[in-house]
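See the structures that follow.
One chain, chain A, appears in both complexes that follow, with chain B as partner in the first and chain C in the second.
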Partner chain A sequence: MPRWDYAPAPEATDIVTVKDTYGLFIGGEEVEPLSGDYFKTINPATEEVLAAIPEAGLEDIEAAVAAARKAAGTWAAIAPADRAKYLFRIARAMQERQRELAVLETMNGGKPIKESRDIDVPLAAAHFFYYAGWADKLEFAFPGRNAEPLGVCAQVIPWNFPLLMLAWKIAPALATGNTVVLKPAETTPLTALLFAQICHQAGLPAGVVNIVTGAGETGAALVNHPGVDKVAFTGSTEVGKQIQRSLAGSGKHLSLELGGKAANIVFADAPLDQAVEGIVNGIFFNQGHVCCAGSRLLLQESIATRVVSKLKRRLSTLRLGDPLDKNTDIGAINSRAQLDKIKELVGVGVDEGAELYQAPCELPEHGFWFPPTVFTGVSQSHRIAQEEIFGPVLSVLTFRTEDEAVEKANNTPYGLSAGVWTDKGSRILWMADRLKAGVVWANTFNRFDPASPFGGFKESGFGREGGRHGLEPYVRLT
Partner chain B sequence: MAAERLAVNKTYKLYLNGGFPRSESGRSYEITGPDGFLANAVRASRKDVRDAVTAARAASSKWAGLTAYNRGQILYRVAEMMEARSAELVDEVSRAEGIEEAGRQVDEAIDSWVWYAGWTDKIAQVMGSLNPVAGPYFNLTAPEPIGVAGIIAPGESSLAGVVARLAPALCAGNAVVVLASESHPLPAIALSECFATADVPPGVVNVLTGHRDELAPVLAAHLDVDALDVTGVGEEKLGEIEEAAAGNVKRVIRAGPGRSPYEVTAFMEMKTVWHPKGA
Partner chain C sequence: MTRAVSEGPGIVERIGGSVDAVGVEQRAAALGTRSIKKEAKLFGLDLAIRCCDLTTLEGADSPSKIAQLASKAMRPAPTDPSIPHVAALCIYPRLVAPAVAALGDSGVAVASVAGGFPSGQAPLDHRLAEIETAVSDGADEIDIVISRGALLAGDQDAVYEEVSRAREACGSAHLKVILETGELASYDRIRCASLVAMAAGADFIKTSTGKISLASTHPTAVVMAEAIRDFAEATGRAVGLKVAGGIKTAKEALRYLVIVNETLGEEWLDPDRFRIGASSVLNDILMQIDKQRSGVYSDPDRYTKD
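After this line comes the complex of A and B, so read on.
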């Protein structure tokens, strides 16, 4: 195969102004943390320090929840059509500042610019646009019932899609008349803090959106604050269970979007070249830092060898490197901690006897990197077939019959997503009925849309985000 | 002149996997009403809870796999069976709770089955959606059963209370394990006799009687139970029960106001399916 090289095509960063030090966004103002503590946020592709970020303490959480509480009554009481207009304004401002948001997202999180530019930022803006339209139509969303806001929402989001997860959380909460205190992940706070400026530009009333930064302790303090009415969390199943336990008996509403170990199932009659693209998109999109990633590839036995060889050839064409380069397919791993976790589980895969293949590629000297990796000869009991790796690592298993495919696909405590590749329509519907997953992608994978409900079965969490169903976790029906 | 005929008393047992066994533990506890002794009810054990969950899991895919029309007819037949036995049910409720308006409670319970029976083949239409995504994809969201649901029935309203939670859970297509009211369990067992004659497949409904403090934590923590209705859990126990439920991220459900399709979807999962459109 001829080898094509690409000239560097870096996106300019001059559109972004990163301040040396940021404040918390509480009551419509950027404020210094009462805790007095800061931590450094870096660019994971270079390990260069970008800014000092407040580590919000108990007093800061107190102030943020109080600001959200103070705003809750007015925000719930304003004309729904006006609530809609604020959300439309936010959507528009995000579109206007899309380039800035995309560059900042890539600098702080390590994801390829073509993903933040073409997926994260446009989808985040679209999410606000979608829910803006619901704000004054709630009586049609819940026939026979009145939808009332819950009050103050504590929202804790992960580092894999920082701005998009913010949009998934804030847009439906605001549309239904709630106010929020949102905590972005400790490694990726910058786009959330830029979003605070957008709220300011949109003239959003003070206290409707509050943003507090920090790590796990800050998150725990926020969700356990007695002034909070609803908690929404996206992250690991382990932390999700801790939150569900800590909220037990509190009467707080809860929605959880947790881990996954999705099966991507390819039948012999599938269009194999398209399937290979879907497999690559399923596991290597965003370096595999995706809760719904297709991390277990289930191949029908008769085509397994062919698909694996096509897959390996495709892997060799993936471009890993500078996330700001517009040609980059695989960016940086989000943090050293995540890189260590990936390395550990890959080591376990080798020790357990699975066969390792890694695409030949040079890893940059600085920053956190991991090459696209495929394990073959994986059995169901292997840890790499059971545990979420959250990195660019694919485990390949085989099956003979539809029943066996369903059995293996469902053999996990998770149930977030699944993929099916086949040319036979009746088989797609048969499989879709039986797969225990909140999202089933048939002859496609990793598609997202504000109108499309997303969320898990089993230990992948409960509640849906997106679509009409995404309103429900934020309302009380009376 | 012949002596007055001596009545034949009913033995109240568990309803488990379509049969009426005693507890594997051999235990019972005394049930009294306002007029004194009523019966020795079965005091189920933790093992009985686990057996009931096993039975429910085994039955769940068959029940979920029936057509919605078929499930609706079976639930409607529960109403028919209750109507036929309404005198007995009124008697049960009034002896248990010592209330005058037992008839109203029985009527409400029967009408609940009729109401929810009619929802089985409408819930996906009303609560599902076709999603207009910004791309060439067919995309729909439809509710489906969660799987196995545990129901901790309210302590009071010994018949209508349990039916108000059971009917939506079954309408949703789940198999269930019910912990009946501890002090008034007998109407729930009489209700089980209606299931047994209504073509509800064995294992789809399992009703246990006994001590809440002993059984509820086991049901709440069981890893093969997908959802837990805590409507009948008192304020003082709610923390403990909800904490146990977090072990496998159970959906924790509470009754909303009155009958509604939202009571049904609380016992369901929304599944979204994508497929490209193209020639």
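After this line comes the complex of A and C, so read on.
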């Protein structure tokens, strides 16, 4: 029987121009860092160096916050419909340059081009369109109250959805009349720096958006800067807690979107083949680098064997490899550090006695890779059922009754998302009432829309992004 | 191909299952983004020809029209020996004899629609008699359509019964059972009909007659392929899938092959287990093969029209 091997179908990269060296985007200009320091950013699929990126120091943060402060007054004062106009322009420019953004996102972050092309970039543009619409309707968002901007927002975003998280942060902040200093993640700065060009192209007034690059120290300097009125952070729970500690008593507003260990719960009456697709999408989408990933699969006992066998079969059809290939389902792990962390926790899972299954696939020689992995026979007491792995690793647990499913699903420090799979509508509502999670997906998983609020319970954070709710963290209501 | 034996109606309930419409449509759309290039494209196009049921089901069909189409079926590209013959020639029962004569021992099977095609509304005895005539005239394969009305009325036993009787009437011929999915109105019902037809002894389940406007769709093919997979797992018997109706381009044919490849696996990439029913897809496939080999499109008149 001949195998039908799909020939390589790589997306062309000639649409993207990557410069050797980038500057910081401060006050509407690309400037050299006062710190004089640079670090290299790479393509995690090949380990090839892409560019030198400034490591912003204290003086650079000072300059960026000053630029944002300078712009804040005028930006807050212009007619709301004019603010909307700039946001619409940005959204349109993102659409026009969507292929460029998608290719660059994939080169710098390792995610499959089909995801950056079909999900990250279109959703990022959609967020700008959505919040552009709110800019002149804030009085309807908060009837009878006056929504005033907070001022200068320090925004620190993660490496898993670089452009999309940028959109989630910048769009509502600008729509409500704030100015921002945004720091993209150390490993994925390039689309944020391309976004700086888009701001320029859209004619956005100088200083309304400032982008500073660097690692943890740069981020700490930014959020702790006294000139900042509001801090928004998406990332690990550990760093989130540090930020909250350091901001205590400062009077700064704070919203946090942190880790997760979501339960994806499949009942016996669920449409099983679609549930398997949802399980795969829940944990292997973006190599599992998703804070709301469905990393704990809870299967009703009577169907557990059947679903696991369907899941293993489906895993064998996942295509891992060159993220720029249009047929790639699983791309590269974002960094060596993340790969090490995944390997460590998978080792822990094996030591704890869970049964390991890995899809048979060849890993490329260079770059950072990890095969889709499923642990069966997992208990709540296993570390792999408790800790966020942030990689393509699924822990499978079983349950017998609805109550047991709810108890296990909620038995985690986190509470970002959950999934329920059943053909019975009343059971979906019953479960959604009891699950302590910011998002509950019914018969689907990892679906996002700018109109739908997203955020956490418990150690998954507070504040909502998306929807009308997403305006609240950026306004003072009087 | 092993002869189908009826698995009994109990298997339908044992396999059971439901389908989520949003999920299956999303899956079908995702499979639609596969980019098939170069050698993979040539492999797929060659396979599409080998899996083709070249079809003519017109009231105006005549013995000489069938003879002409038979030569197209045997030699889709007369000047290019690398092009294989199609799987079968699919025709009305009264033309089986001339088709058998024209195709000889070429390897191209004679497939006849029967059983009151396309409505399937004739009395069961008449439908069975028509199957028997087509088989005795030499048909290798019989395509029948189920009673959608019975299924919609909740009487799946009646569908099981008629397919079982058709199975008997076929004798050694292969039975393809058309669900006419466009009239079943839900994926759950399409799944149920697939399981009933397979349990009653279908060698193939087929999407559509091609005679109503809503013919084969990608999600429908996914649903039927998933039912075939579950049935094979439960019974050990591999049933084939035939998609038909409105498939006019090589690109469409490749999309269905991707669905089969990724839902059922490579064992189904074979004319014994997958067919594309089409009247006009062949020349586009030939043109795409030439384009892939030479880099340029040829004049459409270089491809024979029968």
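Keep this in mind: the second predicted complex is superposed on the first by the 474 of 478 C-alpha atoms of A that agree within 3 Å, B and C clash if a C-alpha of one lies under 4 Å from a C-alpha of the other, contacts with A are read in each partner's own complex, and residues count from 1 in each chain.
The rule we apply is simple: contacts are C-beta pairs under 8 Å (C-beta built on N, C-alpha and C of every residue); 3 or more make two chains touch, one makes a residue touch a chain.
Just so we're clear, the structure is a prediction, and the values are computed from it rather than from any experiment.
Participant: Return first, second, both or neither, reflecting whether A:A268 touches chain B, chain C, both chains, or no partner chain.
Facilitator: The answer is neither, since A:A268 touches no partner chain.
Participant: Would you check which partner chain A:A215 touches, where first means chain B only, second means chain C only, and both and neither mean what they say?
Facilitator: In the superposed model, A:A215 contacts neither chain B nor chain C.
Participant: Chain B or chain C: which reaches more residues on chain A?
Facilitator: The larger set of chain A residues in touch belongs to B.
Participant: For A:W441, select first, second, both or neither according to whether it touches chain B, chain C, the two together, or no partner.
Facilitator: first
Participant: In the superposed arrangement, does A:L258 touch chain B (first), chain C (second), both or neither?
Facilitator: A:L258 contacts chain B only, not chain C.
Participant: Kindly classify A:A432 by the partners it touches after superposition: chain B alone (first), chain C alone (second), both, or neither?
Facilitator: In the superposed model, A:A432 contacts chain B only, not chain C.
Participant: After the superposition on A, what does A:V348 contact: first (chain B), second (chain C), both or neither?
Facilitator: So A:V348 meets neither chain B nor chain C here.
Participant: Examine A:G278 and indicate which partner it touches, taking first as chain B and second as chain C; both and neither are also allowed.
Facilitator: The answer is second: A:G278 touches chain C but not chain B.
Participant: Could you give the residue numbers on chain A that contact chain B in one complex and chain C in the other?
Facilitator: In the superposed arrangement, which is not itself an observed complex, chain A uses residues 443-444 for both chain B and chain C.
Participant: Note which residues of chain C are touching chain A in the complex, please.
Facilitator: 17-20, 22-24, 26-27, 33-41, 43-44, 47, 226, 257, 261-262, 266-267, 269-270
Participant: Looking at the complex, which residues from chain A come into contact with chain C?
Facilitator: 1-9, 114, 118, 269-275, 277-278, 317, 326-327, 423, 443-444
Participant: Where on chain A does chain B make contact in their complex?
Facilitator: 126, 142-145, 237, 240-241, 244-245, 247-250, 256, 258, 413, 428, 432-433, 437-444, 447, 449, 451-455, 457-462, 464, 467-469, 477-478
Participant: Flag every residue of chain B that touches chain A in the complex, lowest number first.
Facilitator: 126, 129, 131-135, 137, 139, 141, 144, 146, 226, 238-243, 245-249, 251, 256-257, 260-262, 269-276
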